[in-house]
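The next part holds the structures, each set out as structure tokens.
Each of the two complexes below includes chain A, the first together with chain B, the second together with chain C.
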Partner chain A sequence: MSNIAGKAYAMNVITPIRWYTTWTNKLFFKAATLLPSTLKGLQTLSLIHYARWVIIPRNGFPHLDSSQPKEDLHYAYMLFFSNFNGSWDQYVDSFTFAIPSGLDLFWKWNVRYPKSVPLTPFHNYIRHNQIDTAHYYNAYPMAASNDVKSAQKIKKALINFNAKSSDKSPEDFLQDYYQLLNDLQHHFGDMKPTPIVSLSSYEVKKRYEQTQF
Partner chain B sequence: MATKSGNATALTVLSPIKNGAIGETSLADITRERCMRLPIHEKSPLTKVPNTYLARLFILDDVFYESLPADDAIFNFSDITSIFSDSARKKALPRKDHLKSKYLVFSSNFHGDLDTYLTGMWENWSHNDHQGIQRDVRYIWEHCVAFDKVTDCAAFIAYIKKCQLEASLFFNGSTDDSLQEQLKALYLKQEFTQFAIEHQGKSAVEIQQDFKAFIARVQPDNLTAPTWPPGKSTP
Partner chain C sequence: MTKDLDLTDIQGNIIKAYGAYNYQKARYLFLRVNNGDKGRKFVGAITAKVTTAISWNKSGNDPTVEKPTATTNIAFTYVGLKALELPTASLRGFPEDFMMGMAKRKDILGDDGPSAPENWDNIWKERVHIWMSINALNTEALIERYNWVVQQVEASGGGVTLLTGHRGDNGEDDLPYQEASVLYDESGESTPKEHFGFTDGIGDPVFEGQTNIAARVLGRGKLMRDGSWAPLATGEFLLGHVDEAMEYPKTSPSPTLLARNGTYMVYRKLHENVGTFNRFLDEQSKSFPGSKEMLAAKLAGRWRDNGAPVVKAPDDASKAEWDKAFEATDFAGKKRMLTDFNYNDDIHGAKCPYSAHLRRINPRGSLEYGVTDAYETPGALVNRRRILRRGLPYGSVKDATRDDGNHGIIFMALNADIQRQFEFVQQQWINYANDFKEGNDKEVLLGNHDAQHPGKVVLQVEPGSGKPPHFVNNIPRLVETRGGDYFFVPSITALKLIAAGMVDPT
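== the complex of A and B ==
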């Protein structure tokens, strides 16, 4: 089990949904795709790298060969995958506090979804339906999602600054340099391995060390 | 298409695993163990698959039965009234579902188009297993239904597409730059932060001279070097 890769946590949740109500969820997702402004609440959760929702119709599980038994299900299923920074509790709670109504819309009419408020039944629901990851890969274990976004801004600003200011007189250069630091002050930060915040991340660290031979 | 967000793509793959066993170990458990034994961080085979931001593998053994009472007004109503017969009340409870196959789930977030990405998986995936034997991507999918027919890259792409599920919503909370671009930017962020700290309070002439040397060293426009390698987990 390896739900953690550096600063990222992999969440997999599968929940049943009545097949005849999936069109409402698809409609909400479609609206969110077409009108990105509806995702503003989600964007405030800057701890997310990437997340997705996938609805599997009850006859939609891949069937590849006649030797494979066909699924016979009462429900359709909704898969939720997220890559986020921080602990499980921080993530689930931030969802509840930041976008409770949006969350309830996305999980609308999932079987026995308790709604995102209050917290404890929602925690129980997610834990009950969560599947652990067997292998989790993160291309930048030391970086949080905010680091990736900040790095993009620093790179662009650095290239512009070098082109415009590096050959100015030392006094003018220094003035521009201070301006650059001032503009980028929210984006700096040293990136290091994540501190050991849980037994799980300790286990991942141990496992990593075992592979270093 | 919801599977794309700008240049970022969400790939969701469910590949059914054969229901057999080798000795006393089910093929699903063998596949799970192979996934769990994959080396991590810098040594993960996914470091070699170009443009992979974040990816995961796990086994979907079954779906979950929602047996606990919850805030489901219509269906709970029958639970708290005794005017309905036991059979009617039981029918109002959630039904129990079970999968007939276990599924290998592969979920990836990457930059670019699907065919190029899957070609990269087929051609570049490589790792040494716990016995030191070099393995390619077929080792992970080996026990999936009909995977024995996959013998070349085109067949692999066709197979994965058969197992692919469309995302209803793909949320990109990061960037959709190429991975090379992201890694170079992270490298620059780290280096320039250090530069700024070390040059506090120094003279204009000194900072300017050192800045020029810094730019010559870090080469901001050169994406290939110097930069962070994929999966870099220590400074």
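== the complex of A and C ==
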């Protein structure tokens, strides 16, 4: 069990919310989707692979078979699902201080939500309601969100460069090549294994790797 | 908001960088407590001479306290506090990083290969319980205070042992103290430089409660939305005070009297590979479009000769202009030119590269990447990652082509939360760069570069200029860790409680 796979951290948080107030949250979600500028803080936090908030109605949980007992829920629930680089402990400060009002808006009306500042009650609220990840597969463990974005950008630029410049004279080719390097200068970071997210997860990883031979 | 700190309760090394007060010489001592009762008596004897943070009698100041010829400060490791028999209920309140100590945090800090604990000075093979520092105006005062401490050790009747095992200038590996000193130029004048030739310790953070804030806060506090600077919250650097998260630091042990006005200190002995650095700079500057000094400035974020920030003087021509303005201005103007800047006009790193030491350890507002009002405050990702830096160079360079002399820096960082502040900067911003969108590219000067797979950094240029960025390749390990640990620096009140065996968290 670990919330970490490679450079990514998986976070599932499920929090109770009064069913008769969920329409306001849905409205916020809708507004945020229609007005992407409200999410610019979240987008500028480049360590986030993605984040999603979903309201699950009281009677909306999956009921797979008639033999499955029906639950009698007092609350609707909000599911927050995100993958990001680093860990919650390492980056909770970044989230809280970058987008405190955004966090407060998304979790508004959630039962016993403490607000994002001061930090410790918020940190504890998320940890308390977090469902730890039982199984987590990461196909590209060395890729942070930024690495993925850079790789896509470099691939596209190289294909264009090849199409546009491959037949040019050496002088023109060199000029185009310099331009290409200039365009891509923020995308050349090395991709190597993750720094250790925590000493406990590092030990887990080492023990796991020993079982693979 | 203004706030008065109880300066008579806070140890002087937290508030003052002694080097800036002309204390040119220092010795750092490490001791082991053999007996709780006698150990506490020793702490009591030392506490009587511990230097507080009170302002000294200077012209213009209320003359209350004379500046001493030598200062003394004291701090403890977790095992040290245990040896002094603090109650378990207090001990368990300390944070995990401090309880573990620095050697066990090596995988987080990147202390591998030549920096690994097995290569540290012999002293770190001992059980280090107490750190003491003596900073002095001259060698006589230094030796006098050192002899006084040695007398106290002897008077402890075996209660404490002064540990040996520091490396020295002449190949010794068993010295009973770590000597440190400012460096001197050819004419014998003291300089603020370290062995690579960079000017050190210019932009220390400024926080609520310090004196003369208005003049010092520019470029050193937290950057506000309107471009002004405000002092950081006291609790980022002192326990028992509210921090940037509007709460008391979580790292405080119980009771409050034990924690309040104390803080945590990271002590690191950093060996500088002077020969490798000089060869690296010579080699790299051959292909660099600019002078060797300009390249050195791009790596550090400041020019070597006078500390000019490279974001304000990004090339040789603009440096000449900057120097003229610097010469023409007064003392306050000079200070301002050295510290008062941000990266708002350098979003792409064309002036000060993303990998420059200065930008990595304190990105100011630049992690918003020029997105207008992206975060609640421009320093949202930075204000919780600041550290007070203390320390001095040690040793001397006898042969600038070699690495194996005795030369480096005694680096000390003070912060309320080692994991969130010092360790985060070391791990995420020095040895990794995802927050800077530079993948695993390590900071050049301090990064734990791997000899088998040497890394590179990109020195950005103006976007759209058609010029290629400059690649600095084959970066060797320029700085190696030679030892260190994590210490708790108690207040004077807490020192007295510890010495009296009266710490009671009930």
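The criterion applied here is as follows: the second predicted complex is superposed on the first by the 202 of 213 C-alpha atoms of A that agree within 3 Å, B and C clash if a C-alpha of one lies under 4 Å from a C-alpha of the other, contacts with A are read in each partner's own complex, and residues count from 1 in each chain.
The rule is short, and it goes like this: a contact is a pair of C-beta atoms (placed from the backbone, for glycine too) under 8 Å apart; a residue touches a chain by one contact, two chains touch by 3 or more.
The structure presented is a predicted model; accordingly, all values stated were derived computationally and were not measured.
When the two complexes are overlaid on their common chain A, residue A:A151 makes contact with chain B while staying clear of chain C. Contacts of A:P195 after superposition on the shared chain: chain C is touched, whereas chain B is not. Contact with chain C, but none with chain B, is seen for A:I99 once the two complexes are overlaid on the shared chain. Contacts of A:K206 after superposition: neither chain B nor chain C is touched.
Look at A:L181: by the touch rule set out above, it reaches both chain B and chain C.
In the superposition on chain A, contact is made by A:G41 with chain C only, not with chain B.
When chain B and chain C are set side by side, the one touching more residues of chain A is B.
Overlap of the chain B and chain C interfaces on chain A comprises residues 43, 46-47, 147, 150, 177, 181, 187-193.
The part of chain A that touches chain B in the complex is made up of residues 1-2, 5-6, 8, 10, 12, 14-16, 25-26, 29-30, 32-33, 39, 42-43, 45-56, 60-65, 67-75, 77, 79, 81, 83, 106, 111-115, 121, 124-125, 128-129, 131-143, 145, 147-152, 154-155, 158-159, 162, 166, 170-171, 173-174, 177, 181, 187-193, 204, 207-208, 211.
Against chain A, in their complex, chain C makes its touches with residues 104-105, 107-108, 110, 244-247, 250, 348-349, 354, 368-369, 371, 373-377, 380-381, 383-385, 420, 424, 427-428, 431-435, 437-441, 455-456, 458, 460-461, 463-469, 471.
Partner chain A is touched in their complex by these residues of chain B: 2, 8, 10, 12, 14-16, 18-19, 32, 35-36, 38-41, 43-44, 46-47, 52-60, 63-64, 66, 68-72, 75, 94-95, 97, 99-101, 103, 105, 107, 109, 145-146, 159, 162-163, 165-175, 177, 179, 181-186, 188-190, 192-194, 196, 203-205, 207-208, 211-212, 215, 220-221, 228, 230-235.
Partner chain C is touched in their complex by these residues of chain A: 7, 40-41, 43-44, 46-47, 85-86, 90, 93-94, 96-101, 117-120, 144, 146-147, 150, 175, 177-179, 181-183, 185-193, 195-196, 199, 202.
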